[in-house]
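Heads up, there are several structures right after this.
Here come two complexes built around subunit A, the first alongside subunit B, the second alongside subunit C.
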Partner chain A sequence: MFNTVSKYFSFAKISFREKSSNLTLIMGMLVILSLLLLTYNQLWVVVGKESNNAINHSFIWYLLLAETIILSAPRVDRIFDEDIRSGNMAYFINKPVSFFFMRFSEAVGEMTSSFITFISFGGVLTLAITHQVPFEWKHLPIILAMCYFSCLINLFLKCACGMSAIWFSSTRYLNMVVDRLGFVFGGAIIPLSIYPEWFVNIAQYTPFYSFYYLSLRLVYEFSWENLLQAITLNIFWSSLLCAFIFAAYRKLGKRTQIYGG
Partner chain B sequence: MNNIIEINNLSKKFKIKKPKKGLFNLFSAEYKTVNAVNNISFNIQKGERVAFIGPNGAGKSTTIKMLSSILHPTSGDAKIFGLTPWENRQALAHEIGTVFGQRSQLWYNLPVKDSFYLIGKIYNIDEVKLKRRVSKLVNLFEIRDLLNHPTKSLSLGQRMRCEIVASFIHNPKVLFLDEPTIGLDITAKAIIRELIKKQTLEEETTLLLTSHDTDDMEKVCDRVIIINKGKLILDNSINHLKEKYLNKKYIRATLDNGEKISKEVNTQKMPIQKVLEDLLKGNNIIDFTIENPPMEEIIKEIYNQDV
Partner chain C sequence: MAVSNLNLFWSIQRNNFKSAFASKSDAFMNFFLMLLNNLLFVFMWWALLENRGSINGWTMQHLYLMHGINNFGFGIYAVFFRGCEAIPQYIENGSLENYITSPRNSLFLVLTSESTFANWGDIATGIILFICSGYYTDLQNIFTFLVLTMIVSVIFVAFRLALSTLSFYKNDIDRFGHNIFMSFLIFSSQPASVFGGWYKVIYLTIIPAGFISLFPVEIITDFKWVNLAILLSFTTALSSFAIWFFYRGLKRYSSGNKFGVR
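And now, the complex of A and B:
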């Protein structure tokens, strides 16, 4: 058991280190994050002026966490798609390693590196923009843990998209649709609390509602009830996604066919 | 007899979808069956180095993929250390090493040393032992300078040396090399062959090597199995192959005026001594060589006989 954990931890560790050393990519992503935070802050300032209300700084913090989930996710869907389509996956069958866990561990390592970068840099930038935090400092570890959990669920979702390569000729468009649905039903840019009620009623039946909105609203609406609701629903959706991924993975193992050369 | 690999009537058929035109044909797919491997049987003993030769589409790679647990056969049986490869993947994983010339087992973006480290982790090799093992192989294959380079920046020859080191890391008892010299230049091929032979001899590794290049089998192996259209057409020692098909000789001579003469001789029709005597008459020869025909030609002859 220890050896197995250590094996997959090594994949995550190496990929974490690799991602952390890619300074050009990190700088590029931080520029994108900064632009998003500054643009949306300006938007909320304008909205506040127009409606004669004070600017709601908590939405900028919410946006930081939502963008961290979006930007931290490696393109694991594309990796799975390519590995399945090219038959690369089959070449790991005869090695004492699970191809899925290997790729997943690599993705987790990469994601964790990005998560730390975005949260630390984005946190300082958001604090500089808003000069305040909408949460109590003692709740910060819980909020960050929930955000990380959401990143993992997003990763599960991407894995599920990638695994769909068994049925679809290209998963690129499927992933694009899933990403867009996340923006709409998860409230990845604007919290669902300001959407119409009928829309929220629909959104709550999607996984995006739980891993974006429910997890991230803790940043400005922390309560133990909200936390419990977020944890419960996130566990439900992640279990469902895992079940789908493993069913697809088993099917894939049976359908593997490589042609000689 | 100490057979490590036993293959009995192994067959593999592929069902390939026929391309069809028209919208309505989407719902009625037609398939054709291709016999990639057709009832082949052979055994390999411990420490043997066997070349598995054949033209494109002969079934070499498919056989290797079945033996290395990647593919299920359609019928027949194979045993490696008494275990069926496709049913005992995990049990055999530590005993088998593979190199597929056209596939990399190294991580494309990572430095080579990280790939070796991860491969060691895959096989649960203790870190101290792993360092010692990698160090030994790195010295033997002379790749120390490449360790910090990402795989993507290596030349094909450099990459192939690293691939072979990667396949030796867990000290496999059986090594399957599928076209390990494909695309390499003459110098790189020669180095790779020499290193493979040296390492397999030292550790008594059983080797099954597929290649289009007959030099690979001559330089590395001591036995050859020839396969064509999925059927086994010859299984013998390299020496026997040479003796049986070596009735042709090439004589090349250099005269004192710099002129070069080349002659093909069928020794069954004319003794080589007679040809040499004729050549020496009226010519001042400063150098001459008698060469066997290239292995390509020998194999072509066997293929033709088979047809």
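And now, the complex of A and C:
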């Protein structure tokens, strides 16, 4: 058991190091994050002024965590898609590692590196923009843990999209729409409290509501009840996603055909 | 020469269509997924404006118009000239030779070398949003809208070409260029009315998304020759720079030894 875990931990460690050493890529991602934070800060400043409502600072912290979830996710859907379509996965079938867990561990390593970069750089930038935090410092580790949990669920969702390659010819646009559904149903960019009530009632039945809105709301509305609700729903949705991924993976294993050459 | 290039252009597009329709169901599904993706984004802004009424004077009508022009322009870029995104890849794997050794215009061949059928969904989004904006009733507005989408698509192509061309000068810079282009897209999808002060300077210089989202909307809603002149001057300057930068970079390109047939 320990050997199995350490094997996959090594994959995660290697991709963590690789991602952390690519400075050009990190710089590019930080430019995007900074622009997003500054642009939406400007939007909330304008909206806040017009409605005489000081909503600015809590929304920017909320946005930082939402963007961390979105931007930290590696393109694991494309990797699965390409591996399945090109037959590359066949190379790994006879290796003493599970193809799925290998790719998943690599993605977790990459995601963790991005998560740390975005949270640390974005945290400093957001603090510089807002000059205040909407949460109590003692709750920060819990908020960050919940944000990381949400990143993992987002990764499950991307794996599920990638696994759909056994049914679809290209999963690129499917993944794009799933991301966009997260923006809307999860309130990833504009918090759900701004949407009409009828829409929020629908959004509640989607996984995005749980891993974006409920988890991220803790940053400005922390309570133990809210935390419990977020954890329960996140566990429920991640179990469903894992069940789908493993069912698809089993189907994939049965469908895989290896030709000589 | 121009007629010959135009014939070549149509023949490339015909082939792209044929290959996209090799699987009709996939082509249509990707098209609808793209359409859905764009409309979901607009829905997000609708929810905000439904709640707040307007953002610094911009109403949903302005946003429909902005996203309409933006999507249509991006659609033209992605359907017909997406090859500029692939330049770093061509440089890296040596396939640029396929284009520069041809007697045809090499930049034209590179630009038209890639196409994505799903981005017809962007063009459809553009038309739908233009109708939603309510400006479609006037023939002059329809004509202005079409001209503006062409200008916007030229800006997209020129900006992406300039960023891709950086790969001639420095290794491993394609991801950086991609991220800057993404920032450009992010900036251009925000209501222009939120930018003021230093933001506006960045919005019109370093990442010149204002020429895609601010000027075209103002030209349709409140036509002034000066705005059109500014937009045209910027487009001409940017495309001239991108073409010059590409050919200058091309001189630095060292040939590989990869053999291929095209």
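Convention: the second predicted complex is superposed on the first by the 260 of 261 C-alpha atoms of A that agree within 3 Å, B and C clash if a C-alpha of one lies under 4 Å from a C-alpha of the other, contacts with A are read in each partner's own complex, and residues count from 1 in each chain.
In the analysis below, a contact is a pair of C-beta atoms (placed from the backbone, for glycine too) under 8 Å apart; a residue touches a chain by one contact, two chains touch by 3 or more.
For clarity, every value in this text was computed on a predicted model and none was experimentally measured.
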Next item on the list: Using the touch definition from the top, say if A:Val46 reaches subunit B (first), subunit C (second), both or neither.
Entry: second
Note to self: Looking at A:Phe246 after the superposition, I want to know if it touches subunit B, subunit C, both of them or none. Which is it: first, second, both, neither?
What the structure shows: neither
Next item on the list: Go through the superposed model and pick first if A:Phe236 touches only subunit B, second if only subunit C, both, or neither.
Entry: neither
Margin query: Quick one: is A:Trp167 in contact with subunit B, with subunit C, with both, or with neither? Answer first, second, both or neither.
Written below: neither
Next item on the list: For A:Glu18, decide between first (touching subunit B), second (touching subunit C), both and neither.
Entry: first
Margin query: Between subunit C and subunit B, which one touches more residues of subunit A when both complexes sit on the common chain A?
Written below: C
Margin query: If I apply the document's touch criterion, which positions on subunit A are contacted by subunit B in one structure and by subunit C in the other?
Written below: none
Check: Where on subunit A is subunit C touching in the complex?
Finding: 22, 24-25, 27-29, 31-32, 35-36, 38-39, 42-43, 46-47, 50-51, 168-170, 173-174, 176-177, 180-181, 183-184, 189-190, 194-196, 199
Notebook entry, point to check: Of all residues in subunit C, which touch subunit A in the complex?
Noted result: 23, 26, 29-30, 33-34, 36-37, 40-41, 43-44, 47-48, 50-56, 118, 172-173, 175-176, 178-180, 182-183, 186-187, 190-191, 193-196, 199, 207
Next item on the list: Going by the contact rule at the top, pick out the subunit B residues touching subunit A in the complex.
Entry: 12, 14, 36-37, 56-57, 59-63, 65, 68-71, 85, 89-90, 92-94, 96, 98, 100, 102-103, 105, 107, 109-110, 114, 117-118, 121-124, 178-179
Next item on the list: Would you pull the subunit A residues touching subunit B in the complex into a rising list?
Entry: 3, 6-7, 10-11, 14, 18, 88, 90-91, 93-97, 102, 256-261
